Amino acid sequence: MARLSKPLWASEISKVIGGILEGKDVEVRGIAPLNLAQEGDISFAWGSSLKRDMLVSKASVLVVPERIKCLGISKTLIRVRDPRRALALFLKRFFKTEHSLPPGVHELAFVEEDVSLGSEVRVGPFAYLGKGVSIGARTIIYPFVFIGKDVKIGEDCVIYPMVSIREGTEIGNRVVIHSGAVIGSDGYGFIPEERGIEKIPQVGIVVIEDEVEIGANVTIDRATIGETRIGRGTKIDNLVQIAHNVIIGENVLIAALCGIAGSARIGNGVMMGGQAGVSDHVDVGDKSVVAGRSGITKNIPPGSFVSGFPAINHREGLKIWALIRRLPELFERVKELERRGRDGETKDDSKKR
Amino acid sequence: MARLSKPLWASEISKVIGGILEGKDVEVRGIAPLNLAQEGDISFAWGSSLKRDMLVSKASVLVVPERIKCLGISKTLIRVRDPRRALALFLKRFFKTEHSLPPGVHELAFVEEDVSLGSEVRVGPFAYLGKGVSIGARTIIYPFVFIGKDVKIGEDCVIYPMVSIREGTEIGNRVVIHSGAVIGSDGYGFIPEERGIEKIPQVGIVVIEDEVEIGANVTIDRATIGETRIGRGTKIDNLVQIAHNVIIGENVLIAALCGIAGSARIGNGVMMGGQAGVSDHVDVGDKSVVAGRSGITKNIPPGSFVSGFPAINHREGLKIWALIRRLPELFERVKELERRGRDGETKDDSKKR
Amino acid sequence: MARLSKPLWASEISKVIGGILEGKDVEVRGIAPLNLAQEGDISFAWGSSLKRDMLVSKASVLVVPERIKCLGISKTLIRVRDPRRALALFLKRFFKTEHSLPPGVHELAFVEEDVSLGSEVRVGPFAYLGKGVSIGARTIIYPFVFIGKDVKIGEDCVIYPMVSIREGTEIGNRVVIHSGAVIGSDGYGFIPEERGIEKIPQVGIVVIEDEVEIGANVTIDRATIGETRIGRGTKIDNLVQIAHNVIIGENVLIAALCGIAGSARIGNGVMMGGQAGVSDHVDVGDKSVVAGRSGITKNIPPGSFVSGFPAINHREGLKIWALIRRLPELFERVKELERRGRDGETKDDSKKR
């Protein structure tokens, strides 16, 4: 589906992705998934339906796992240790994301006073840069981006359309923020009083470290006081909520629709599946794995693997779930025991007579 | 609450919605729910609290199910087979959604080179149309819409404010996209490496077929390679996440806050309740019903009705849930059996003595 | 972290927050959380890790609970009944949220005909005000806000960037709407017909009463007919979905990622934890507490405390959950009873021989 900017030989590609070429060297003009590929395309194949899909694919070149048997396939093959990694290498080498904004600050952008812009910054039409904003070299600001007062953004960042970055936010280098994300909105801090619910002013900030990627329509609230922090290299999927004063470590992966409540801490290298939740003030230890849809209500130690709600050790959870499905059987067995008990009693009773 | 553009006779309305008029013909000036209706209003009544609500409603005309008894109600009635369908008919006939944008491209819209616009297209102020964009006849682009490079949009679409449509997206005819939706953001593709987490460039696209409706703040990611596809007639509620390479069939209904993980396939005619989730690479068979808050972790065959997490057959789930609530009783019963067992043993022991 | 506009004496602060000063009166220049505070900062301390954190904090002044023992701490203390309330008081008194928009309507805002603006309204560049819009005194409209036809907004409101307010919406006084929220998008009303799925036009409105606060990327759909209503003083966290015709009472707290389905009613003073859901047409009684991740499928009476899915009384839920974790034990115990039963039978059998 995706065209290469110029055709490549299979042998060139094989070299780049560290593979072994099998079959004749052919020209590759594009890349597509197995099922959508046409002649001239390369496809990367892994996973359970691989063999079935390979047989019907029209791709000219297949990148496959080292040891797989490819009987009945007469295509050019490139054997690699890990086709998914090979795909990443291939795409990074041959498909650079093009940002279609011209260099410089567009005349339809709105730029307040005291704004500092690094070299080669690109700012699209209908972008808003508030007073005291500073933006590092080569950073790209798409149309419809709001950047509030005194926000600092580092170098080589990409801020996609419809992103709001509220006042005082600090963003590192090589950060990517996808459309619709809201950074630095007020934390949800309220106190119920007799005359109604009182707001606690939220005067802290959000700090986003280098190489973080933030998905579409994510919300990250500013701290009440102090900071909400997203650690270096962390990648957040779409529609995730990060509440005030949350501290997220480095290289964390958080899948879509997760919610992290106020003041929770997520350790380094944690992986969270989709729609999971973490209660407020809870610590999730480094390198823990949180299965999708888990609800974490208590601190969990480093290296945990938890699931379910309330989240418990995943292995225990699986065992318990298997037993839950056997509840109909268990009720039957207990009923049978009771029946026998009664029969026994009846016998005993008969003896008494 | 909603005024008709001009008053209608109950008899006219009855004809349009295929009903039978009962009582005297009166003039109708507006429509409102039973509890908010005033004199001159028509109300459509169904559901469990219908009879109670009818008695207190001030509506002048009630549209009711064919066979319902309406003792003590002296209003004009229109009897129909299905009041909800009748309401849809009534609203479609007498209330056209008005889009308050003037015809043509507003002078405050930003339109790049090589843009192709069909006849009667309306583009609001502060809209951004990138290079190579093509928009079909009569499509309406509200203010604050970002349309990236080479996006194709068909005829008679409505794109509400704050929608981001990233480069290369293909959208069919009669598609409605509500505010804040993000179409074509990067898929969440990362590989953990020793030096940190590496991004897999996402070079595929999103394809949205005819008559799809996409809710507010929905996110639909572009494919890694190939396409993420939303099938004809599918309706997606607010705040839903559709990950990269997901394929959604035709006439699917997906309620709010659902998450569909990467490469999952949702068959034709599937219905998903709110806050449900589907794991990556999972198939949901045609015409399946997925209850709200289900978490689907394995393929499910066509025509399934599943619920719970992990999702199982709904009937089995109900049975198991009933037994779970009886666990306190079961523990008691087992304790009682054990007590009897011990008493028995004690007796036996006493005999031995 | 947050600087005061001018230094304050600890004794002044103590007076404002109704505390008792202990130790020497010092000058305070800013506020920070215990762990981030520097000399010259004040910190407010409560919660479980308070004592540990106090010992290492560099803050010059600590606000602490009345009766706590502070052995080994030589800082200036301010003792108060409730440090969290004291923090709210302090922040409200000394940190006014500054909105960096100049007074008046910016020349780059787009204002349609028949717009009525109260005194001291501020409208930023790139804001869109549709025909017939009315905005009350001192209300602030940030850049990139879409306000549709005939929308009414009261006095002293703040509408942050990227908010869409669709036609006909009515908003009271002192309402705050955070970035990316969508108010008045079409309700999700569809009827499956043979030829496909038919849309029910959504012609109702959204009404938001005084002092409501709406989080980032929240979606609130217009009613099919009639209204969707958010009651006075209610505070909604980020990424919450409120469906068509929902009625939410006064002073309700709804945490992030909750979903309220069509026509549900949430009573006054209800508190909902994150990621909870309420099914359509369900009533949640006044002052009920809904634990995070609950799924409410049936009406619940006023004053309930529910959790789990399907949601049940929280106390029953805790008990049942404890028993679920003991299922492995229960299965063992039943197995043991069965074994004994069999041994008994065997004995009996042997007697028969």
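Lettered A, B and C in written order, each chain numbered from 1.
Quick note on the criterion: a residue touches a chain if its C-beta (ideal position, glycine included) is under 8 Å from a C-beta of that chain, and two chains touch if they have at least 3 such contacts.
Predicted model only: the values in this text are computed from it and were never measured.
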Rotation in the CA alignment of chain B with chain C, degrees, nearest 5: 120
Interface numbering overlap (same over half, different under half) for chain A and chain C: different
Chain A and chain C, separation of their C-alpha mean positions in angstrom: 24
Overlap residues in chain C, where contacts from two or more other chains coincide: 126, 144, 162, 180, 217, 239, 257, 275, 324, 330, 334, 337
Interface residues, chain A side, partner chain C - complex: 110, 112, 126, 128, 130-131, 144, 146, 148-149, 162, 164, 166-167, 180, 182, 185-186, 188-192, 196-201, 203-205, 217, 219, 221, 223-227, 239, 241, 243, 245, 257, 259, 261, 275, 277, 279, 281, 295, 309-310, 312, 316, 319-320, 323-324, 326, 330, 333-334, 337, 340
Complex contact set, residues of chain C against chain A: 1-2, 31-33, 35-36, 47-48, 84-85, 87-88, 91-92, 95-98, 100, 108, 124-126, 142-144, 160-162, 176, 178-180, 211, 213, 215-217, 232-235, 237-239, 251, 253, 255-257, 274-275, 292-293, 321, 324-325, 327-328, 330-331, 334, 337-338, 341
